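Residue numbering begins at 1 within each chain, and the chains themselves are lettered A, B and C in the order written.
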Amino acid sequence: MTSASAPLSVARPRRDPLLGVAILAVALVYVRALAFTPIEARQGAAQKILYIHATSAFIALYVAFALMAVASILYLWLKDEKLDRVAESAAEVGLAFTTVVLLTGPLWGKTIWGAWWTWDARLTSTLFLWFLIVAYSLLRGAVEERGRRARYSAVLGILAALLVPFIHLSVYLFRTLHPMPILLKPSAPSMPAEMQVTFFSAFFAFLLLFAALLRARYRIATLRDLVANREQEHAA
Amino acid sequence: MSDPRLGAPPGTLAASWIVARKDLAIEFRTRTAFLSALVFALLGVTIFYFAWDVTAVAAADLAPGVLWVIFTFAGLLGLQRSFGSELADRAIDGLLGAPISREAIYLGKALANLVFVSGILAVTIPAVVLFYNLPLGAGIGALAGIAALAAVGLVAVGTLFSAMAVNTRMAELLLPMLSLPFFVPIVMGAAQSSARLMAGRPIAEAWPWLRILVAFDIVFVTACTLAFPYTLDE
Amino acid sequence: MTPTPVLKAEGLVRSFGGRRAVDSVSFTLQGGDCLALFGPNGAGKTTLLRLIAGLLAPGQGTVHVNGVSLKEGAAARAQVGLVSHASMLYGALTVRENVELAARLYGLADPAGAALAALALMRVDDRAGAPARTLSRGLQQRVSIARAMVHAPRLLLCDEPYTGLDDAGSAALTEVLTERREAGAALLLVTHNLTEGLALATQAAIMRRGRFVRHEARELLDPSAYQSQYRELAAVHE
């Protein structure tokens, strides 16, 4: 196992300051959400889970999944391994966020509607997103050769992105129980200013968290590939 | 200087047809996959009948859901074998070395799968009509149309994923895992529209679902044809 | 003016992961040429063949068959025939159907007739109606060869074609290869068997670690000396 070649020149793993900042931001948002934001009239204190539930849902779909899809298209076009690692990392972090949505959703639903799961449009779409990302991870796990793994993942990533609108449309047609989107109405959102501020702060904090986790995961992927390259060179 | 025996290499459509015929010839030679999928479909349809309390729910109301779910799983059985014959002795190299486009290989296999799936539907739908006491009528024509749309979507996606799954260690598990999320809009569209049409409701109610099916077919036949070359080791 | 070469490979490079399986290979074959390619296992011979057959895309470099670059599309492969390690046959189809399929894929006017003719050349036409999987390995090899030649390709790529053939099969193969060469086709013959390779060759090359370490015309080399030189070259550092 000893090698005469130069040791892997990689900086010693140090705490990523971004991660620290992100965790702090999330904690601060929570303090604000719990102590300094008014309780919503109809739903009570349970509504506060929305700050984590809705922001995670948004980031899972429009940031993590979108990033994975774009990285997939770019990989097939440019064949740069880095893009495959970005897609892989975005998918995995996205899976974490999606899982959070699926765990907080029923908690909220039980309190608000009295049922753990009601097949409402948004939650169901997120469930399918979860299935898609799991399928993506399984595919990556099943293919050993790196080039093929990257290509297959990219194809699945792009097809999954094409599928998502169909899922949303089908599920929406099927049933809509979810409360009307308060935030994204074209006219002024019907939420008091304090809640809006908390919401947007939560979004920003979770976005930071996503970025930090993405970076960490990307680093792991890069190291793993470097090690694999070394092993291959030694074997040849 | 070229050999007079040599005509022009076949274009994409002609080549697809050659590939499809080859696949169907192989399938017809053994017939085991088709018969297995067929028996599976019939058994499934039967079992579902007994899984419900038919005094509480009318059999005719159950029928669309049962039909399309069973169709999906029987279709998967057929799709599993799609690329198996190509890997056995590297027969795919014969196709790849020939002067035909990569897309022709995909379209040919998808076409063969379409025939396979249609064959299963041709037996399963009458079985469902029989076992679930569906009223025969104008609805049957519409049902056939919906079946055609659903089959095209299923086969488009399933053939592509079958090309990928066959190269992996967990092919039998991976193909359903990859395909089933994609089958959801197909099953929903087919089941919801056929339920409404068979219940005699106006076509306007089924129309949004049919639109989803048509759009799905167009998008995914195109996307999968374009994506297929990327699944080859080149 | 030299006619368009049947095969022109320029600067071919192909890597797998970090390793170069084919490392800057260039050569030209005119009609009537036969290049015998020797080399130890893992030298990159099969990869090179797959690059020329259009089964793999080169990382760098180009392949021109009859003046047409392989990159230009499917039609460039029309004049190439490949015999590889694997039989490339569909076990469930009959021998005749396998070769007919190839004939159709190459656009032949009379697929059935061409298939039977090719099978007859390889002396395996008596088994034409049998499913391919029921044949012995050696007979399957003959069918593979018939399949590769049914469209009378101008460039024939053979990866260890003599493997598994008995005397009759080997004789038939040599006959067919010679006939093809005389008809103006170019051959690329990968083999471990120096005698067989040199018998048909007009050029000989030794490949090691992705490169041609020797490449010369057949008439310039002495077969007996070549044998020991090859063993030396091939034995060092696999």
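The working rule: contacts are C-beta pairs under 8 Å (C-beta built on N, C-alpha and C of every residue); 3 or more make two chains touch, one makes a residue touch a chain.
Computed from a predicted structure; not experimentally measured.
Student: In this assembly, which chains make contact with subunit A and also with subunit B?
Tutor: C
Student: Any idea which two chains share the most contacting C-beta pairs?
Tutor: B-C
Student: Among all other chains, pick the one whose mean CA position is farthest from the mean CA position of subunit B.
Tutor: Measuring from the centre of subunit B, the most distant chain centre belongs to C.
Student: Nearest chain to the global Cα centroid?
Tutor: Going by the distance between chain centres and the overall C-alpha centre, it is B.
Student: Could you work out how far the Cα centre of subunit A sits from that of subunit B, in whole Å?
Tutor: Inter-chain centre distance comes to 32 Å.
Student: Between subunit A and subunit C, what is the separation of their C-alpha centroids in Å?
Tutor: Roughly 51 Å separates the two chain centres.
Student: Taking each chain's centre as its mean C-alpha position, how far apart are subunit B and subunit C in Å?
Tutor: 38
Student: Give the residues of subunit B that touch two or more other chains, as numbers and ranges in rising order.
Tutor: In subunit B, residues 233 touch at least two other chains, as defined above.
Student: Which residues of subunit A touch subunit C in their complex?
Tutor: 146-147, 228-229, 232-233, 236
Student: Across the complex, what residues on subunit A touch subunit B?
Tutor: Touch residues, subunit A against subunit B: 76, 128, 131-132, 134-135, 138-139, 142-144, 148, 151-152, 154-156, 158-160, 162-163, 166-167, 169-170, 173-174.
Student: Applying the document's contact rule, which stretches of subunit C touch subunit A when the two form their complex?
Tutor: Answer in residue numbers: 16-19.
Student: Would you tell me which residues of subunit B are touching subunit A in their complex?
Tutor: 157, 160, 164, 167-170, 174, 177-178, 180-182, 184-185, 188-189, 192, 208-209, 212, 215-216, 219-220, 223-224, 227, 230-231, 233
Student: If we count contacts the way the header does, which residues on subunit C are in touch with subunit B in the complex?
Tutor: Subunit C reaches subunit B through residues 53-57, 73-80, 82, 84-93, 97, 101-102, 104-110, 114, 131, 147, 151-152, 154, 184.
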